[in-house]
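In what follows, subunit A forms one complex with subunit B and a second complex with subunit C.
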Partner chain A sequence: MIQAVNLCKSFGNLEVFKDLNININRGECVAVIGPSGTGKSVFFRTLAMLEKPDSGQVYINGTDITGKDVNINKVREKLGMVYQGFHLFSHLNVMDNITLAPLKVKKMNKSDAQKKAMELLTMVGLTDKSLSYPHQLSGGQQQRVAIARSLAMDPDIILFDEPTSALDPSMTGEVLAIIRKLARSGLTMMISTHEMSFAQDVASRVIYMDEKGIYEQGTADQIFKNPTREKTRMFIRKLKVFSYSINSRGFDMVEMNVQIELFCQKYNIEPKKVNYIQLVLEELILEVYGDSSINLQLKIDFTIEFSEERNEILISFVYDGRSFNPFEAAEESEHLGMVLIYGVSKNYGYSFENGLNTININI
Partner chain B sequence: MEFFETIVNSLCNNLIGGNAWLVLLNGLWVTLLISASGLLLGTIIGAILCAMRISDVGFLRTLSKIIIAFLRGSPVLLLLMVFYYVVFANSRIDAVYIAIIAFALNNGAHIAEIMRSALSAVDKKQLEAARMLGFSKFRAFLAITLPQAGRIAKPVYQNATINLIQWTSVVGYVTITDLTRTVNNIGARTGDPFFALFLGILLYLCLSYFVNFLFSIGSRKKEVL
Partner chain C sequence: MNVNVVKSGDYSIISVEGRVDTTNAGEFEKAVMEVVNSGINMIIFNCSGLNYISSSGLRVFLIVQKRMMANKGQLKLCSLQPGITEIFDISGFSSIFSIFPDQDSAEKAG
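Right after this comes the complex of A and B.
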């Protein structure tokens, strides 16, 4: 249906994406997610040739539309686009907004076009607004009209570019409901969105864009429940990560604690937990360095992952050298430090692999 | 009663004596001719200059920038005199046509800027939305950008029109007998300049109101919304 092959696009020195490949089949609903600024919009605009790709091809129903001799207007008749900012024609009322293209581009006759527009307005629930002007409508209503305007051309595929991002939360529902209805009816669509639960619910395939291209893709369940790659996981779980490295026994623990505090303040982690984090880390560092048999130039890396969604903190603490499990060591002799760690952590684990000791602690 | 008689006398002297009203109508016609032609030609020139000003060709952009700066920056009276005494000094072109050319050029430069600012005020994404529906660039411009730009430009354009009409009162400098020159002549002849000049002001005022009326025809039904 629509296929991109080795698509590259950059603005000056800024490379947006490169060698992007995708193939979308008829009837699919593909959700594109990813942090802001990873080129979701540019990707959509490039598919519609609103931005010229630097290299690569876009095929629609098997024809390459990047060529010079392609009548792009003809192609776009079958390619709908719904924008974040609606962009209804502000000098025309709702009815004229919807019928303009069918009348002037498709040369439909007026009564047919209006009949069709009324059907679409019924579908989006705005029959009584047909004579209103865009500025008289709420954002949600404008977006529903924009969807109807796009549907009036009977497109093969619609690209929804963050259709609800400009709406306040009370209006996103009405727009999402329409899109959901369209997806169920089998319309091929791509939708870039920040509404994760919606994407999970509606999309037959989810694409996570990052690192100048498609970073990970799969079914909604795969991406949302079992993301395999690091950045996807961080994005889906809304993880905030703090990492820190210690290279010698003489490191600056005060500075480390200050940085941890700053990180925690930024994401509003409750003070009690901040204390726990610092406590656990200090004790672990002491345990590891306290074991006199280990190399003094021991290197420790730790990360603190904060999941906003679950309000959960995961500390992963990695150090090299020989296998040394402080939990086992603590069992042999009473260590006050380890007792403290048991006390504040929900669960913990230890593993040794390739010369690296890893301790994971949930708080 | 005496006051009333004075007015009637002045009226007769100024308007009827020596078929003055015919002369007056003639002056009015000349003013209207120069204004209307200047506006029409000016709009065409303005559209061309504006198209050059926003074109992709750097040379055309610079050229139109220079032309607009020159035409807008020079007083229209001087422009008129340069055309009359220098450029067309040896030709047999009627002074009225020279005036039309001068006013069209000056007005065109103003209109070009009016058009440009109106075009840049239109939401460009709407044009793009139209293109996504299958409109060609030109047809999307006609269907979306032009009507919206027209609506934005209208009040400024109306102002420019009234300004133009009033500025045509300087054409007397190059021997054209327009409305201003006519009322001046009548006043000189009858020795009653107050009445004649006041009549002139009234007539210009009427012209302005007439222009406002013409402009309001189109928008009246939209204001109801």
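Right after this comes the complex of A and C.
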């Protein structure tokens, strides 16, 4: 249906994406997610040849549309695009906005074009607005008209570029409902969105864009429930991360605690949990440095991941040196510090791999 | 961390404020042991201002408790914040110490 091969795009020195490859099959609904500025819109615009790629090809139904001799207007008949800013013609009423392209480009006769427009307006629930002008409509209604206008050309695929980003939250639902209906009808579509629950619900495939390309992709379940790569995980779970390194026993714990408090204040982590975090870290550091057989210069790196979505905290505590599991040591003799860690943790785990001890603790 | 000592009736009240952790547990121990070593054997720790304690801080309480028991003295704790009470519960220290909701009830208890 639509395929991108080694697609590259830069603006001056800014490389937006590099060697991007994707193949969208007929009937697929592909959600493209990722932080702002990772090139989702540019990618869509490049697929529609609204931006010229620096290199690489885009194929629609097997035809390379990046070729010099391609009639791009003909190609765009098969590729609809819905923008975040609606892009309706303000001097035309709804009916004329929808029928303009079928009349001018497809050379449909007026009554057929208007009949089809009314069918589409019925589908988007706006039959009574056919003679209204864009400024007389709400944002949500304008976007529904933009969707109807795009469908009027019977495209093979529609690209929705953040179709609800410019809308008041109260109007988001009406637009998403239309897109959901289209996805269920089997229309091939790609949608870039920040509406995660919507993407999870409608998409047959989810693509996470980052690091100048497709960072991870999979089914909605794979990406939303079991993302395998770090940045996807951080994005999906709305993770806020604090990292800190300790290089010797003589490190400044007061400064470390100040940094932890600043991080926690920034994300409104409740004071009780701040104390838990500091307690777990202090006790782990004491356990690790307290083990006399461990090199006193050993390096400790820890991260605190705060999931806003789940209101959960994960501490990952990594140190080098020989294998030393403080949980096992605590079983052999009573360690007050470990008793406190057990008490404030939801769960904990230890592993040793490639010379690194890793402790994960959920709070 | 701040430690203040005042007399109230038969008791010396040691008020602890702030954090007691591994960075200042030694300092805390020194300040408290000065009181203990001065021969005072009726002590109440007023912990209303204590907002963080780790195992290093708990150990100081334990050292003082042992010393007071050896001296046949009395050691009480009062006014623990909920977070500190929780740490005492987790560590099992709640059953080792005499803990009172406020200073008044600690002083009145026998």
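Heads up, the rule we're going with is that the second predicted complex is superposed on the first by the 363 of 363 C-alpha atoms of A that agree within 3 Å, B and C clash if a C-alpha of one lies under 4 Å from a C-alpha of the other, contacts with A are read in each partner's own complex, and residues count from 1 in each chain.
We adopt the following convention: a residue touches a chain if its C-beta (ideal position, glycine included) is under 8 Å from a C-beta of that chain, and two chains touch if they have at least 3 such contacts.
What you see is a predicted model, and the numbers here were worked out from it, not measured in a lab.
Of the two partner chains placed by superposition, A:Met118 touches none, neither subunit B nor subunit C.
By the touch criterion stated above, A:Lys104 is placed in contact with subunit B alone, subunit C being left untouched.
Contacts of A:Ala329 after superposition: neither subunit B nor subunit C is touched. In the superposition on chain A, A:Lys272 makes contact with subunit C only, not with subunit B. Residue contacts after overlaying the shared chain place A:Met253 against subunit C, while subunit B stays out of touching range. More residues of subunit A lie in touch with B than with the remaining chain of the pair subunit B and subunit C. When the shared chain is aligned, subunit B comes close enough to touch A:Phe89, but subunit C does not. In the overlay built on the shared chain, the residue A:Leu286 is in contact with subunit C alone; subunit B does not reach it. On subunit A, the patch touched by subunit B and the patch touched by subunit C do not overlap at any residue.
Of all residues in subunit B, only 123, 125-126, 128-136, 139, 143-144, 147-148, 151, 225 touch subunit A in the complex they form. Considering their complex, residues 48, 50, 73-74, 76-77, 79-81, 83, 85, 87-91, 100-101, 104-106, 133, 146, 149-150, 153 of subunit A touch subunit B. On subunit A, the positions that touch subunit C within their shared complex are 253-254, 257, 271-272, 275, 278-279, 282-283, 286, 336-337, 339-340, 342-344. Subunit C meets subunit A in the complex at residues 21-23, 51-52, 54-56, 58-59, 83, 86-87, 90-92.
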